[in-house]
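Below: the structure, in structure tokens.
Note that the chains are named A, B, C, D, E and F in the order they appear, and that numbering of residues resets to 1 at the start of each chain.
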Amino acid sequence: MKKIEAIIKPFKLDDVKEALNEIGIQGMTITEVKGYGRQKGHKEIYRGAEYVVDFIPKIKIEIVVDSDFVNQAVDKIQEAANTGKIGDGKIFVSSIEEAIRVRTGETGIDAI
Amino acid sequence: MKKIEAIIKPFKLDDVKEALNEIGIQGMTITEVKGYGRQKGHKEIYRGAEYVVDFIPKIKIEIVVDSDFVNQAVDKIQEAANTGKIGDGKIFVSSIEEAIRVRTGETGIDAI
Amino acid sequence: MKKIEAIIKPFKLDDVKEALNEIGIQGMTITEVKGYGRQKGHKEIYRGAEYVVDFIPKIKIEIVVDSDFVNQAVDKIQEAANTGKIGDGKIFVSSIEEAIRVRTGETGIDAI
Amino acid sequence: MKTLLAISFILCGFESQAWAGDPVTQEMFTINNTWMLVATFLVFIMHLGFATLESGLTQSKNTVNILCKNTTIIAIGLLTYALMGFNLMYPGDFALGKFLGFAGFGIATDEAGITSAYNVGYTYWTDFMFQAMFAATAATIVSGAVAERIKLNSFLISSAFYVAVVYPIVGSWKWGGGWLDAAGFYDFAGSTIVHSVGGWGALAGVILLGPRMGKYIKGKAHPILGHNMPLATIGVFLLWLGWFGFNGGSVLSADAGMVSFVFTTTTLSAAAGIIGAMSTAWIVLKKPDLSMILNGCLAGLVGITAGADTVSVGASVIIGFIAGILVVFSVIAFDKVKLDDPVGAISVHLTCGIWGTLAVGIFSTNPQHTFFIQLLGVAAVGVTCFTMAFLSFWVLRKTIGIRVSEEEEREGLDLGEHGNMAYPDFRPSTGGHV
Amino acid sequence: MKTLLAISFILCGFESQAWAGDPVTQEMFTINNTWMLVATFLVFIMHLGFATLESGLTQSKNTVNILCKNTTIIAIGLLTYALMGFNLMYPGDFALGKFLGFAGFGIATDEAGITSAYNVGYTYWTDFMFQAMFAATAATIVSGAVAERIKLNSFLISSAFYVAVVYPIVGSWKWGGGWLDAAGFYDFAGSTIVHSVGGWGALAGVILLGPRMGKYIKGKAHPILGHNMPLATIGVFLLWLGWFGFNGGSVLSADAGMVSFVFTTTTLSAAAGIIGAMSTAWIVLKKPDLSMILNGCLAGLVGITAGADTVSVGASVIIGFIAGILVVFSVIAFDKVKLDDPVGAISVHLTCGIWGTLAVGIFSTNPQHTFFIQLLGVAAVGVTCFTMAFLSFWVLRKTIGIRVSEEEEREGLDLGEHGNMAYPDFRPSTGGHV
Amino acid sequence: MKTLLAISFILCGFESQAWAGDPVTQEMFTINNTWMLVATFLVFIMHLGFATLESGLTQSKNTVNILCKNTTIIAIGLLTYALMGFNLMYPGDFALGKFLGFAGFGIATDEAGITSAYNVGYTYWTDFMFQAMFAATAATIVSGAVAERIKLNSFLISSAFYVAVVYPIVGSWKWGGGWLDAAGFYDFAGSTIVHSVGGWGALAGVILLGPRMGKYIKGKAHPILGHNMPLATIGVFLLWLGWFGFNGGSVLSADAGMVSFVFTTTTLSAAAGIIGAMSTAWIVLKKPDLSMILNGCLAGLVGITAGADTVSVGASVIIGFIAGILVVFSVIAFDKVKLDDPVGAISVHLTCGIWGTLAVGIFSTNPQHTFFIQLLGVAAVGVTCFTMAFLSFWVLRKTIGIRVSEEEEREGLDLGEHGNMAYPDFRPSTGGHV
């Protein structure tokens, strides 16, 4: 099993969710995160003093999938989250050794 | 070392924490996340228009433990977080290559 | 590629960010998390009843870097986040198998 | 002489001047009435105070529900009071001894109702408005105590009954000229007649509902923190503001000396309540808990309500200070016996309502006010209100149920009862952990 | 006789007593004026009500923008009204038939302006203040409907024009003694002259701006949830509070019977609006949506505004109840035709403003008020206001633009227009998902 | 003649009518007193304004602390004013030249105190209440400037001293009929006597406390964003509302012409302050920063306070506009010299308090008001207040300390001082980053 972590622009969440639904992926966990990268933040002024909004709100999507599924899922996400503008985000893939469904105790592929 | 990530129902947090304490695990990091899965959200109506609350609040617990400890910890979590109802969540296990304690610079098992 | 996850005290974020900038790391994702560990929370009283603030606010920094870079990055973080007091946090290193830049579709090292 | 009279009328009797039969001049009547209308809108704003205080001291997942209850209750209170409450409370004639009277459904008046012939202090309409705002208060007090677990429809039904029937009947005993009034019971602006009435209803509700999930674990109280302290503070300041009308309007005219004196005792008692509660919290609980200080302010206000016009300035400070201390211990005590009152409504309105009523017996400058008669009033009202409230909640529990499902309680009543979220942009996890 | 007169003056004519030429005593004048000043500050606080209601019912990323608009609009409203609005609205003499008049720039008065010779109810300054507070209201109504997408500078320009020119001219037709007044049109406190005027401006703005991004997807309305329901509730209670001055002050004196009667009809209509909207939402939409209940309260208030002094108490309840039902269906209907009004301003102020004005033709106790003349007033004001507002927004769209960029809309106007964040400590992701 | 007198009494002298010895009729006295009580509750609500403004403009981890300070300060202010402040400020006779007098501890009056023999405008109790509400204001002003780092107990002690001793003594110089009054100094409602007094205390506190951690890094100011802009906006609107009583009540009677004129100048100055600050921020800082606009509104209000009854309407607009500009530059300037004032209290109350006082010397329609005497008043009050405040903070710093520990400052004073959290459901990380 693999874990796909995608950091995307928040307003793209619904598109990504739908794209994943299309290929039958229906479990995911999302987190509100802040990103720092090439997409520079902007300078603002509060009460006369400058500050930089350099951590930009992003959504992190985590999905654990069967290894065979990874490429398809990554492609779907990349397509759906793409706007062509800087700051579109990243997708990272890593290994998961075991998965357990809390409700039933099932393990492995059955659990996801 | 292994990382255990458990996505559970928020109100089960205290039970899980106590269960882990019992087997001597005292370090963990939690995140407020939202989950999407078999546990369907519900439809609601706001000012006459329907919307779906499909991302349901969950808590993600992350613990890094000695590999020998994994099974015991996973069992404890699964037991404590279980309600038998859909949406109880998942537990994922993956590998951690190195751990460092910021305060002392200790590494490996000593760090956790 | 490796993923470095550092759990640090929130007010150390700017220092860590600057330290990483110095060695050319400019991409990172941060999450507001809560930590439970040796740094015990404190007991407080609300309307006459005791409660424990045992989950303490922390920041989790995630950076994916080229494997060669890991040691340098970890050292920088450990140095910058260190206050010498309990609760300074942990750094965990794990493997990332693939990285994709959403905007361009670039993969691997080029993507980060 | 007659000629002179006529002449003088021409001279002094400008358009708006009063005529000989009038008890007060038209000017005095108008200023009295204006003050009573000001007092009315001040009491009105107390309902916003309750809404914000109660939602501030509870969890964010139940906020919409509380706001909805408080908005609806005032509507129900006003409409049922127009329909029957006013005429139950001020029946003119009593039917059953001096226990019950009813002047018929609806409100209406002839021309006289808008002159000083009706009352030197106000018109019929002003009278109705001022009283109606009071009525809704009693029901709103209940709302805070039963928050975070009561079903909306059951709450609305029981409140409508309470405000339409129980409150006016009990009120008629004193303010309608009934048997308690005849017995010499004194309650200037309603420590008992309004606040304790609300408090007894709250107590009945809390007993029958049981505590919120997770409040008492293994016999120990686990605090469920209020989600928004600025909101709670806004609530208390607005309540204090409203109290200038609640007590100041209870003078029932703009009498300069009386109203300003009542302002003074009311304010100093509130201030002393703050200091009393803060000191107690600091000493007993180690730190000055804001929610206790806020309760202390209200404790002082409730405490002085029965005797604001009849105790000395010094006594008002003492009454408030003691109320501030009392409220802290009362909150702790109710938790000891596992009566879960999220906002401290029972401690504020019942405990301090009783204290304030009895304090009249102790501190009043009027020797006719005795401790014993005050105690009688407290007891009579208590037995009646608690019984009626208990019965109504009990019947509802047996029929449509009064408590939401476990899952709804956990998820929050906002989604369950309303399909709304109070703060969707920063929706917190609904686990209740800190 | 003359001697007697003199003597009587000595006897009755204390320092502040009125002299023979005066229409009212100095006392009556002072109490009238005091009530009008109280009414003025009550109307003032409505602007805080609008600010909190509108920011509560929109997203947290646009909160600063809304607060800024509402704070600035009242400043612009007051200053332009002093500069020209007051003299356009109350020109004394009309130039163009009874359609237009102007008494010159600036405000000033001689000594007589502060005596009852100016008016038995108030001084010149009070007159100006009370009217100026009304003026700003009309512009503020627009603000809620165009929220979350309009450019700040365009909004300020169009509002300044609307409040300085359109509102006073239309107002002069009725309250300035113009042609509508002569025709027998009745609008006690402004269901049409204030609320519909605001509502028509809002409608024009919404049409030209288009809906917010993501509001209508594939022909279906997707709710964008209000971010802070306590804030919205505070807003509605403050508006209700302010309405005691809005309607109560429109009596233009402290007349005890009239003001207290207006208090009663206003309050009961608001209460009935709450019940009307709650019932409708509960039945039609399955759950009692708080935002609809809040709209229902305002609907009742707007509805009774035209006839608060001239319909019976029973009629006021009916008017409010129907307004409460109407507002729910109106909100749904505007969504059907894809007119995106985040806070329901058009439904509350325009739909119910029309309803309230026509209701005078149905329920008025004065036989001279006819449905037809009321309809004429509604139409005349509607055509004029909508046209003027449409033109001004259209010109702005063609020139400096009226809508922020897509990116700014997504990121939020707070950062884009102000460099501020409303809640930096809990900044939500700006995706708009729930 | 005597007979006639008697007859006339019968005719004109209804129950409440004044008798020959009275300076005003009972009616006029009652309406005056009623207005003063209304003004009193308006000034009261300013304390909620301060509480919300200050907590809105600071971080969420210190919110409970600020709310607690503002709730407690008003209690302390009222009680100490009753105990001694009132009699220090209005001593009747002065002991030390016209610098100091004291009429003894406690408040009390005989029957005459509640008639117009005490004062044509109000009773003794009203007098006390109105003045007591003012007193607490001065101390509250300090609270905003020293927020987020001062120890609660030190703040309470220094405030109690300031409100019980410093404020009344300085106040007696002008309003108590002391030497400044004799010298011809003019300060209608307290630009200097209230606002600057608060401002000087704030300045002393800020100097001795030092800036908040992280505010100035490497010589540059790093903004620490206010956590809740709706709360701050509510604060400013409530302060504006309260100012109708603050200035309107300072007329000390319900005089129709005067009170309505003061309403007009006060309101237009506030409006001009908004426009002044918005324009300045937009031009100088590129975007219209809401917090600056809010400060601008208060700047206009503070600016007009000294001369609201004695400058023309045109001048009031100019005074407000300049105050609005001034406050923006003042905020920036204080940051330049590293005096960290989280809410801009010093800029609003001290800078604009001085401006407003001097503006009387420039714009007053009364030729006896001279710039020089105004400057003298500013200086005398400034030296005294700053010295006293500095000394008291200095002594506290040497003894129990005035600043919380670094760790507590980082974690937030809410947990540290109170064991509370303002928003436990969405508790933010306590790092202070954006």
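The rule is simple: a residue touches a chain if its C-beta (ideal position, glycine included) is under 8 Å from a C-beta of that chain, and two chains touch if they have at least 3 such contacts.
If you're wondering where the values come from, they're calculated on a predicted model, not measured in any experiment.
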Those chains which touch subunit E and also touch subunit C: A, B, D, F
Intersection of the contact lists for subunit B and subunit E: A, D
Selected from B-D, B-E or A-E, interface repeating A-F by over half of its contact pairs: B-E
Subunit C and subunit F: spacing of chain centres that average the CA atoms, whole Å: 47
Mean-CA-position distance for subunit F and subunit D (Å): 31
Gap in Å, rounded to a whole number, between the CA centres of subunit D and subunit C: 52
Subunit A and subunit B, separation of their C-alpha mean positions in angstrom: 18
Residues of subunit C whose C-beta touches two or more other chains: 31-32, 44-46, 53, 55, 58, 94-95
Residues of subunit E touching at least two other chains: 8, 12, 27, 31, 34, 38, 225, 228, 234, 285-287, 289, 291, 419-420, 423, 426-428, 433-434
Chain pairs that touch, as defined at the top of this document: A-B, A-C, A-E, A-F, B-C, B-D, B-E, C-D, C-F, D-E, D-F, E-F
Residues of subunit C defined as touching subunit D within the complex: 44-51, 53, 55
Touching residues on subunit B, where the partner in the complex is subunit C: 3, 17, 26-31, 64, 94-103, 105, 111-112
Subunit D residues touching subunit B - in the complex, by the definition given at the top: 214, 410, 415, 419-420, 427-433
Complex contact set, residues of subunit C against subunit B: 2, 6-8, 31-38, 55, 58, 60, 74, 77-78, 81-95
Residue ranges of subunit E touching subunit F (in the complex, touch as defined): 7-8, 11-12, 14-17, 26-27, 29-31, 33-34, 37-38, 40-41, 44-45, 47-48, 51-52, 55-56, 63-64, 67-68, 70-72, 74-76, 78-79, 82, 106-108, 113-115, 122-126, 128-129, 132, 152, 228, 231, 234, 417-427
